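There are structures below to look over.
Shared chain: chain A. Partners: chain B in the first complex, chain C in the second.
Entry: the complex of A and B
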């Protein structure tokens, strides 16, 4: 394997995950919270693929593809919720969205 | 020579990965954040290629940068580019706590991985030529991981139906 070892990829993945977690915690706009969530999922994917390369088995890549599908489904449901909330003329601010009442 | 080129590509991809990741979190306008996410996903695809995951890299560009981000852009265009700027003004207790929590998560992951697998990370396994190719992924998906493949289709169906229901429901007070 030319280039940096698997540990370098794992460190990248950890920094990326922490960036995403920071974004989820600090931002108030649900749209950007969802974008930061995507970053966290992708950091997990990078770790999975790095470990797949390390062990030489393809199952890690299958897992990463499954995570990708779940991320797409999560984005659909999350964006649908955001659109439904904005239809009710509620401020798009996760600090103000404190009640769920149909 | 190959070693040198791979290092250069890796460093460029890593720098663009981290800067675009930070840009997604810090841009005030969600539209710019979504555009920065495209750069993030593209540099991840480069790293996947370096890790011999060709099919996953292609799926990353097609599914993520192609489909998911476009959906984000549509919703952001529909809702308008309003957003917050949490770092404007003096730093609050909440932003300080967010920094501490994110740093704690990073340290925890590093410590756990180093303790559990630190000595096994030095020598990666030998791989054959077809590793990560669409043919091998297909064999694994329809062989060992058939259940995951089938469950995935149900998850996508449920998400699609849920998206339609959430998107088409009109609040009661507006119905007439």
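Entry: the complex of A and C
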């Protein structure tokens, strides 16, 4: 029995991307924001792989592998920064990061 | 089964990046074996050597490559556009080393220079990108380096905040760029810029146009063009001043050169869409950047808004989509990068003297106290307006005339109005330096640090490039014409 088609994966990736984007825009904890960013990147990955299947080319899969590496590096830097901020302040809230404004 | 064949790699084309990465490895490892006092000097000199070496490699490649070729399995371009951009990026890096020399991060100067070198290497890689994957990889390569650089002064909350904000907003932009790339790939089945252009005829237009729009948004975030600029003032203000100087010049060069290459090579048949959408971004950037700058009191923040408005001026020649525009962009970048680093260097020097963030009032009397720095800052401010003897005069002239040439006189008028508005805040800095009575200041504990020779040298070099690009405009314009000659512009 055939599984869901490429279109279903694309729809899922759009939903994931939208979820991630909303998460970045409305959540306050930097940790959750970082999580939402990872969801956005992985939505891109899913779309790349689905399109690789649809177009019958392999380059999309290689691209997705590369993105995984990049996403991991980004998460490391992000978590490092959050740890550094949390050592300086007790409450983690992006709305309270307002030393810089104008 | 056919044997697996790896693509042949043109090491010469990658030499600027490799030299910078080699330097990064040295700066990271060797200082461990050096006495504390020597680390800072050692790393600065290694970085300086690597920037000069990478620049020499890029210049040599520029001399060699009469025509452009695709290298490393068509993932990268080896052509004069990339090489000219690389020269400008490593030049910015070199000036930044001078600005950074006085800057002391207690234990972390090795890491600082390492990240400066990797960021520059990533940008050199990015401007040579010839497919969407290399583009994304290069973008993240230099972005991640810059996120850490912004947060490098971890004792200061402002610096940490700048790093975290840049990371969140920058990654948001990258994720949009990635999703757009996926759509373009889905529509055309190709990642290479030329292959996308070749396949776009019978591609799914909905996917292609959505993807193109998302890619433009993603690159707009990096170029700090409005309405994707919201991170710029905070990050420029909070990041260590040498980092801000580097970012304001080098990131703009990389993002704008690649935007032009991508749009012209990969999307020639969609030019009616991207030219007009870039023109809209130009107008918003000019309006927002200049109006925002009017009310700023912090000088770094003021310069950040100025940088947003210059993103508008720089996107204008890309938006018109002509070879005249391409030439204007590349020429404009030369004085702009020098002046931007120079202006932030002067602010950095003032910051060092006062040991606190510099507001416009803090600039009062600087023109008399430090005549050299004051004169340089005056030149940069007049230059940003677009007055001679700064090269930006000619840059703006060519950018506007490219718009008029395309028949978009209205865009040139918007640019002229924006320039007129900008006179107010640029002259505000000059006024503060010369005509505002200096407030009685309490010197920082231990007295002001001595003047910094390396920083001064960087400012002098920036002045030389600013005026030199005006005096030697014709040879530089010829070089810029050479660099864009093989791109087939849609108009």
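Note that in this section the second predicted complex is superposed on the first by the 94 of 102 C-alpha atoms of A that agree within 3 Å, B and C clash if a C-alpha of one lies under 4 Å from a C-alpha of the other, contacts with A are read in each partner's own complex, and residues count from 1 in each chain.
Here is the rule we use: a contact is a pair of C-beta atoms (placed from the backbone, for glycine too) under 8 Å apart; a residue touches a chain by one contact, two chains touch by 3 or more.
Just so it is clear, the structure is predicted and the values come from calculations on it, not from any experiment.
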Touching partner for A:31 - first (chain B), second (chain C), both, neither: first
Touched partner set for A:77, first chain B, second chain C, both or neither: both
Overlapping contact positions on chain A, where the chain C interface meets the chain B interface: 10, 17, 20-21, 34, 50, 52, 54-56, 59, 62, 66, 70, 73-74, 77, 81-82, 84, 88
Chain A-facing residues of chain C, complex: 132-133, 136-137, 140, 144, 147-148, 151, 154, 157-158, 160-165, 167-168, 171-172, 174-176, 178-179, 181-183, 185-186, 189-191, 233-234, 237-238, 295-298, 301
Residues of chain B touching chain A in the complex: 2-3, 6-7, 9-10, 14, 17-18, 21-22, 24-25, 30, 33-34, 37, 40-41, 44, 47-48, 50-53, 55-56, 59-60, 63-64, 67-68, 71-72, 75-76, 78-79, 82-84, 86-87, 94-95, 97-99, 101-103, 105-106, 109-110, 113, 120-122, 124-127, 131-132, 136-137, 140-141, 144-145, 148, 152, 155-156, 158-160, 162-163, 165-167, 169-171
Interface residues, chain A side, partner chain B - complex: 1-12, 14-23, 25-29, 31-32, 34-36, 38-39, 42, 45-46, 49-50, 52-56, 58-59, 61-62, 64-66, 68-77, 79-84, 86-88, 92-93
Complex contact set, residues of chain A against chain C: 10, 13, 17, 20-21, 24, 30, 33-34, 37, 40-41, 43-44, 47-48, 50-52, 54-57, 59-60, 62-63, 66-67, 70, 73-74, 77-78, 81-82, 84-85, 88-89, 94, 97, 99-102
